[in-house]
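In what follows, structures are represented as structure tokens.
In the two assemblies presented below, subunit A is common to both, partnered first by subunit B and then by subunit C.
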Partner chain A sequence: MEHSIAMICIYALLALSFMIVLRVGEVSFGQQAFFAFGAYSSAIATAMFEVSLPIAFAIAIIIGFFVAWMVSYLVLRLYGVNFSLFMLVFAEITRDLFSQWTWQLNGSNGLVGPEGSMGFARIDFFARAGLSGEWQLFILCSITVSIFIFVNWLLQNEWGLRVVATSVDRELAELRGINTKYVRRTAFILAGGCASISGALFAHYVTFIYPSNFGLMTGVHALAYTLIGGTGHVLGSLAGTVFDVWLLEWLRFAGPYRMVIFGSVIVIALIIAPSGIVSNRAVRRDIKLWGS
Partner chain B sequence: MMVFQACLDGLLYSGLYIMLGLGFFLTFSVLRRVDLSFGTVIMVSIYLASMAVSPSRFNILALLLSCLTAIIIGFFVGSICFGLVRGDPRNSMAATLGVWMALEELIIQLPGHGRGQFVENFLSNQGLNWIPSLRFDHTIIFFLAITTAFGLYLFLRYTKIGLAIRTLAFDPDTAALMGISRKIIVIIATSIAAAIGALAGYLFAMTQHGIDAHFGMWVTIKGLVILFISGATSIFGIIFAALILGIGERLLTELFGTTFRELIGMTLMCLIIAFIMGNNKKYRI
Partner chain C sequence: MGQLSIKNVSKKFSQILVLNSVTLRLTQGNMTALIGNNGCGKSTLLSVLSGQLKHDDGHIYLDGICIDSTTIHERSKLGIARMSQESRLWESMSVAEHLLLVNSLYKLKQINITNLMKVANINKLTFSYLPNQLSLFERRRLELFMALIGSRFLLCDELGAGLSIIEARELYDIVLKMVKCGWTESSLMIEHRQELLDEYCSEFFYLQNGVIKSNILPFNVIG
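This part shows the complex of A and B:
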């Protein structure tokens, strides 16, 4: 149960990153690249340079923002399928780079650092700090909830309206005086930061990362979580992740056939609820009812 | 000489990529949706056909059977993912992902077949008399791909069904006003796409003497890359993109080895996409 909750927290943030890009009207197949940057940068900070966890997470977010900002100058020239392809290729380049990259330092427990396709082992900050499983879960949950609240606040404000306007009709939005380039760039950078912090949480929770953790399937799964949960509200990403992770755990009884059932359930869920488990309208109605 | 040989080897891959790209192109043009299960459907068809026919070693039958199976499975997958799943087009894409996962896992769990399926090469793999470094089977596959592309071009250009497919790809509203049944045209286009894809997949499996359960993912990724590089605007764009990808991959392997091939190739692709490819293209055939 603890493991499932931890995984939900990590993948919900990655799904949120996909959702932010979807909200500006683009489909990204490559947010897992920022997930990788976050995982590696924070792991290097804590395992190789033994900095504290908050600083490592801050580094991960800054790296995520910075990489997204750099990439945005290339990718935001593109729209539609070209955008999707660029992100897919960018993610594969990133994974390939980490598969080639070796940089190890002598630590207290021997050599530590990324070792190409062998991955990055001994990211053991939680163990060194003597944090119990409950504490780890508390850290994961509190970071995830904080980021969800922050992104929801952003999306409910004027910036969120501009994002929606850019997504619905870019030209009309520009005629109304909205700087769509700025909106797209800020959304892309925010999405990069979310994926990056998600990667940092992942690296520290699992303590061992491989470049294959950041492949296309990771991204496509997170994208599916978002679409199943619904893109109308940030809770959609969370609901989609909860549904999928819980379903995968619950389907353990099916043994080797659980992915067959899982895949079929995804299709059925999309037929039954095409706008996702959580729709924006439903959330607002519930909030109103709760308020009254 | 090394470069020349790499180009010749690249032609095989180009031929296969042309056919895969054509399959994706037809599906994408009429549906306006990305079918992530395309490769997996092809993989399952090849598995089933070669399992059924391999004891008799009647390989041409296996090839035809895999095309037929791909059409049937493709029809069911299309009906579910593009017919029953409504709303946002991205939902259909996610549904095809679900089908991909389910089918791939089914193949992995097949008793004795999870690790791979042997596919016999019924063409000679010897070099040609006039160019010894060019294999006979590779040459046949390349010319088959060019013939398929040309045949498809003629079909789309000079038949009524072809005109209907082009109209639907260009503007669904105009197609509806002209009395073209979207449902029937989609079935025809996706069936042709599945058959071409299965043909390409089977020929590739044949030259490699078999496939494994991850073949579908390879097909899907390569097909998507060709579709996007070509800009999904014309058959000649697909041929051009497939030639660039096939020959480019082999050349990069020769020049930089397999370690840096993908890295350099993908970086170049990123730059091409960002700086050269135009946007807002109207989909037409």
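This part shows the complex of A and C:
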């Protein structure tokens, strides 16, 4: 149960990252790259340089923002299928690089650091700090919830309207004075930051990461979470993740046929509710406009 | 006194010269008509003005400053508002969200917004509607309202297309009011209905083979 909740917190943030990119009208298959950057950078910070957790998370977010900002100059020139393909390739290159990269330092109990395809072991900040399972869960939940509230606030704001306008009709948005390049870039960077902090939580919770954690299937699963949950509201990502993680746990009785049943259930769910569990119309707020 | 003018603007599509050294100036307080045969480059001229198409030669001036290298949204912020020929709204956003968004971009004063909404006759009952729940006339009116909010120069491509003459007159009345009160300095209208142009426009540009012939009386054009 505790493990499920922790995994929901982590993957809901990753799903949120996919959702933000979906909001600007692009399908990304590569947010798991930022997930990897966040995981590795925060793990290096706490395990190799023994900095405190808030600083490590701040580093992860900044690295996520920075990498997304760099990549945005290349990828935001592309649209549609080209965008998806670029992100896919970018994520695979990132995973490959991490599986080649070895950099170890002598820590308090032996060598520690990323070791190529062997992964990065002993990210034991929680254990060293003596934090109990409840405390870990509390940290995970509070970070996830506060990021969800922040992103929701952004999306309900003027910026959120600009994002929607950009995705629905980019030329019209330009004609009415929206800087669509800026909107796309900020959304992409925000998505990178979300995935990155999600990776940082992941690395510290599971204490052992290896490059295959950041493969294509991680991304596709998170994309599926957000599609099942619905992209109209941030709660969609959360609902989709809860539904999927719970379903996967519950289906353990099916043994080897688990993934078959899982896939069928998701297909049925998407047929019944194509716009997701939390649809846009259900949460559409009544706007009080100019005191009317 | 602001003005929008283009000097010797040329535009080529591969080998075809669509605009051949066009010179044109929009003067304040006027509704100007741009007329010509199908495919003579009227819409291309508007696209060049709005920045959707880059011209090959010549310059565009706003208040005497060359704005050739500005992007579409920068020109929109400067006050060049273009309405496209087909009805275009953000289909997944409600009417209220359209208004909120455009208002957030131009940061008008409350009193201006209220007056503009009165002039454009935007009904508060439709606020929660999605664009596909509106009639074509209401859609065009909402589009016009959104364009007017930030406009100093309004470029309309077939504002009345698909509407009855009464509905089209209502939209033209809105534009005329805004031009007369000085909110919109001038407007350039493409229109196929002769009677509307006769009624509202005080200046005519006739575009033929990519060349502007100015101030031709409309009956000469129709012949």
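One rule holds in what follows: the second predicted complex is superposed on the first by the 283 of 292 C-alpha atoms of A that agree within 3 Å, B and C clash if a C-alpha of one lies under 4 Å from a C-alpha of the other, contacts with A are read in each partner's own complex, and residues count from 1 in each chain.
Operating definition for what follows: contacts are C-beta pairs under 8 Å (C-beta built on N, C-alpha and C of every residue); 3 or more make two chains touch, one makes a residue touch a chain.
All values derive from a computational prediction rather than experimental measurement.
**Q** Regarding the shared-chain residue A:Arg176, is it in contact with subunit B (first), subunit C (second), both, or neither?
**A** The answer is second: A:Arg176 touches subunit C but not subunit B.
**Q** Using the touch definition from the top, say if A:Asp96 reaches subunit B (first), subunit C (second), both or neither.
**A** first
**Q** Quick one: classify A:Ala165 as touching subunit B (first), subunit C (second), both or neither.
**A** After superposition on chain A, A:Ala165 lies in contact with subunit C alone.
**Q** Just subunit B (first), just subunit C (second), both, or neither: which does A:Val145 touch?
**A** neither
**Q** More residues of subunit A are touched by which partner: subunit B or subunit C?
**A** Counted on subunit A, the partner with more touching residues turns out to be B.
**Q** With the two complexes superposed on chain A, say which partner A:Leu270 touches: subunit B (first), subunit C (second), both, or neither.
**A** First partner only, subunit B.
**Q** Write out the stretch or stretches of subunit A touching subunit B in their complex.
**A** Touching subunit B: residues 22, 27, 74-75, 77-82, 84-86, 88-90, 92-93, 96-97, 100, 216, 220, 223-224, 227-228, 231, 256-257, 259-267, 270-271, 274-275 of subunit A.
**Q** Tell me, which parts of subunit C touch subunit A in their complex?
**A** Residues 50, 52, 71-73, 76-77, 81-82, 84, 88-94, 96-97, 99-106, 110, 113-114, 124, 127-128, 146-147, 150 of subunit C touch subunit A in their complex.
**Q** Which positions of subunit A touch subunit C when the two form their complex?
**A** On the subunit A side, the touching residues are 158, 161-162, 164-165, 168-169, 171-180, 280, 284, 286-287, 289-292.
**Q** Tell me, which parts of subunit B touch subunit A in their complex?
**A** Checking each residue of subunit B against subunit A gives 34, 36, 80-81, 84-88, 90-95, 97-106, 108-109, 217, 221, 224-225, 227-229, 232, 259-260, 262-263, 266-267, 269-270, 273-275, 277, 279-280.
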